[in-house]
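Below is one structure; the comments refer to it alone.
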């Protein structure tokens, strides 16, 4: 990969969706990256500002069809393609290209689980074996050496960051973990669906995918690894009338003799040097609006009134730390760059 | 109380807040009620349409100061006053007046619990003993004969309706119940507070009052009565950028040998004749937008992926079934009227 | 048409859209109407609550395909079908049926104008000649005797109500009228379009159809008739992140010697007996949230700082007075009922 | 002022409001500025993250009371104080300090007009004479040499940018200009007012300050200067349920023989080299969501259907180009820096 004087030459596949737009937004101002290729099926031939007027005025290539890509001009590819098609595309990429994949295709190590949740056999099982799960603060060393990074889902990012250190330390029970999660509507993507219409979403809230959301096995994979045993979670996502943000409210039972204060202490210690994770004072609860547009994850720990229980609350921007921001964070690692490069922008509030 | 030919003569104390407005909206079109008195401290002297332009064109009395009320002209009073001041006002009302109180002042039977949660001794303990808790579908018979009805809080209404029949029937464990609740902003009232500003609420979600919200003891009082033993719940409210609505997502452990289907069956049977409660098909999740402006409570039951667990989801309009609608439902009972009178309006969507 | 003891038997064609749902909401509680038929192409066979969960619990017929309609069972039909297909459907209805059409198909008297704006020749020109334009407060007498009522568009309703009396009275210039209008997103219908997605609409505002919106000729037709000469308007609609509501801010030049106060006086006098129109005190500006869910139109008149100019502001709910509410108001007239029947519900705020 | 190696040492007075927060957000990442002082009356003593959690993790001074400021440590001060108090504060600042004032105090050259609109005599008339109006693209040269820059209001920025070049070129009539403007709620500031509550603003739109808004004389001052004669405008602001953004829809009459295309051409030419102004293709209308968080102004020009008329539409973020972003742009000029420094971030969408 070209470093030193030269900037990393990146391509974005699936640039016409919201995560694609967010990759452009971040990478266009990244001091060590150079966007050389943007692909989009239906928008091939268009300029970026025709698809995303908020990105006008940047010096960017036209969108092309993926079949017209010249991979030799790139060092790194971000895949923001739909689940399912991604694995075939990535399997066909030349070996010199490093890949950060934002789809779910390479997140589940267990190919049988993939088949169960996604309804078809995996098309690139050999790549799956090499893929590194890109939850940066947990998998940093492996990501550095990865060729293919499976960028985590938005719910799994918000859910695992507070839980993994606590399960590893044995501070909480791996039983009866309840994750009640809330997401902004951009998480549903830019596809024209009745369920994503303004009038169907505004002025209301509802749960969806109850006990059946595909992010559940991804969360459980990470928690099981941390706990050293199989972990099942009650996971319920909700749709909130806001563009961006994920809030995960997680209810846990303390291990014998532990306290919420100890949970908070261990999390604060574990993440003390992390530029993008902030553990709030004990009893404080974060808000998604305070990470809007930023790559931060805020974590709060509260002692429950019910003895022996605690509540963990984590907030991220689903399109940034939950998708494109973490993808760039992983690119930085894979390219040997400072991890925060291009991601230092504070949140936008109000 | 005047019945027969005559309509019930009602007064609304604290008519300038959102629950007051909602009482006016409902009662102004109620075929057996006649609004005779509206009190509001700072808005005394104003016409209703000056305070609430959406209520113009109705033939209503001017707002007056509560000290100027002539109680002899009324049969029934709705108290929508702030917590704390309510008990003194009600203690001073003549005995012929029936009262539906929308504050929290008479909801907790245990005066010590009241003192703990509200920070001062109760000012009308003798009234507290007579007060009937107004969760209509659960306390209907007692409400019929009540002189003072303590109308439930919005969160307690949404939380208790699905849980009480299940605890009574012993279908779920009274341990480790987690209630993750989400509310629209009107629940915070019309007071000018920074935390209720549009720019502080829109485009975000956060938890508040975590493990410390005053509705927790009210919920636990009802659940304990149903379970026949002390029940503690993990209860976390969240603020959602919408005007109206409460969604309570409740995580329960099944009693041995029980199933989500059985939970759903028992709830459907229990509420089969209830005009305002609808139990959805197994696996369906309700949305708050489908009860906007109506007195309905929608309840969904979903089997969790974690064996032995289920998820209950309930949706109400916090200002209607969670406050003023249920108050009118209780008035109907107390006055010997059909319970649905004035409350038949379908929800407003979108 | 069956009157007297019997309720009017109504059918709603195109019941699965937002105006269809709103017709059901209003008519299901209408004391003199009985919904006998609901048609919907793709939702044929479904129960109403499957398509619109907020309308569950009402005793309504299943949705059917329009081809399966038995017209002999109906007295009145509401057409909430897409523009273009409507004219053929209505042309095929038996003569005993009265029709309120919510599409644009019969609003323009000038068939050439129709062809210009809608891009094809009119398919039922003979019906067009008989159609009565349903701006109730302006055309009341003609509507009473109509067989086919062309219900006005939402923008034209909000725009014409303040302007027509002033043009008729010669109080304002017919030149240089500027109508800057703002609409909620439900006006775009329930079709799944990228431009109506929550994430494309929330947190922003934009103009659309600038100088090319099809409601412009409809507005001009009414204003020209009122002025007795051709009137052209500058009309710009905007999309606002809210579900419901239209606000029209109209800038006019006063006729010589006239004043805003006189404009206000004439409007107040003209609409003094109108149950659904309220002229605010001089200088007051209405808000759409104060007519949410109601059939009201609020009108404000403000003297501009620029000498000789005034500003008119009108607010309606686009789905009620701007569509289904006015349609029921017209049905009431056509059926010889009290005009306000079924429409007395106050607005829902907040 | 310290340049060269040293960064500009800046202070922000009134740092606890929304424009203060936005100044911190931009300046904290500005490569040539160093935030040395933050003042806030009620929040004195607090850390920035206590007042604005979205700004945590930045290395910033604690907020202090303005009386405790050591002006000798600063080169430049941003004043984000309330109107009225500002002029006394600025009058008391030492001469070496350059000032960008975000209040309205120094925007009106005509002291009599100030007194009329603000209800009291100006307290620092001598400073008023030296103040340079900070509409950057129009007053760039004067701003470079200014000691005190009166940063424009949000509405005046959006309104004047399209109009001034057209009036200067004589392409439009200075008569009968209508500016219909729409603003997000952050423009009302962070003060706890009932009118800014979520439940009072969401799901609705209304006009306010009709024919009486204080930004009208500021707009007219700029337009009159451009036209070389007195210009009065019809200016109506509206409150839109969104956090950020101003859209100004402006209706103009063309000078004889002119066309919308010519207007567009002249604007495009005038702003061709401007990094923050983009003139869209003829007929295109901009959206505020495409400038959210950025310093850009998008301008659209549309030919009206009414002969001889055109419609101009401009979009900015009220807190950025309409306040803090333009303030930093002006600071850059006053400090001899590249004008775009710190302001290159693309907009955040969705």
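Order of writing sets the labels: A, B, C and D. Residues in every chain begin at 1.
FYI, a residue touches a chain if its C-beta (ideal position, glycine included) is under 8 Å from a C-beta of that chain, and two chains touch if they have at least 3 such contacts.
Fair warning: this is a prediction, and the values are worked out from it, not measured in the lab.
Engineer: Where in C-D, B-C or A-C does the A-D interface recur, with over half of the contact pairs identical by residue number?
Structural biologist: Comparing residue numbers across C-D, B-C or A-C, the repeat of A-D turns out to be B-C.
Engineer: Could you quickly compare B-C and A-B and let me know which has more C-beta contacts?
Structural biologist: A-B
Engineer: Find the geometric centre of each of chain B and chain D from their Cα atoms only, then give the gap between the two centres in Å, rounded to an integer.
Structural biologist: 46
Engineer: Measuring from the mean C-alpha position of chain B to the mean C-alpha position of chain C, what distance in angstrom results?
Structural biologist: Whole-Å distance between the two chain centres: 36.
Engineer: So, what's the distance in Å between the C-alpha centres of chain B and chain A?
Structural biologist: Centres of chain A and chain B (C-alpha means) sit 39 Å apart.
Engineer: Counting only residues that touch at least 2 other chains, which ones in chain D make the list?
Structural biologist: Residue numbers touching two or more other chains: 18, 184, 186, 199-200, 202-203, 241-244, 286-287, 289-290, 292, 350.
Engineer: Touching chain C in the complex: which residues of chain A?
Structural biologist: Within the complex, chain A contacts chain C at residues 18, 184-186, 190, 192-194, 196-203, 241-243.
Engineer: Show me the residue ranges of chain A that touch chain D in the complex, using the header's touch definition.
Structural biologist: Residue positions touching the partner: 18, 21, 25, 28-29, 52-58, 186, 202-203, 243-244, 275, 278, 286-287, 289-294, 296, 298, 344-350.
Engineer: Which residues, counting only chain D, touch chain C once they are in their complex?
Structural biologist: 176, 178, 180, 182, 184, 199-200, 202-208, 210-212, 216, 232-234, 236, 238, 240-245, 247, 249, 251, 253, 283, 285-290, 292, 300, 302-307, 309, 311, 313, 315, 350
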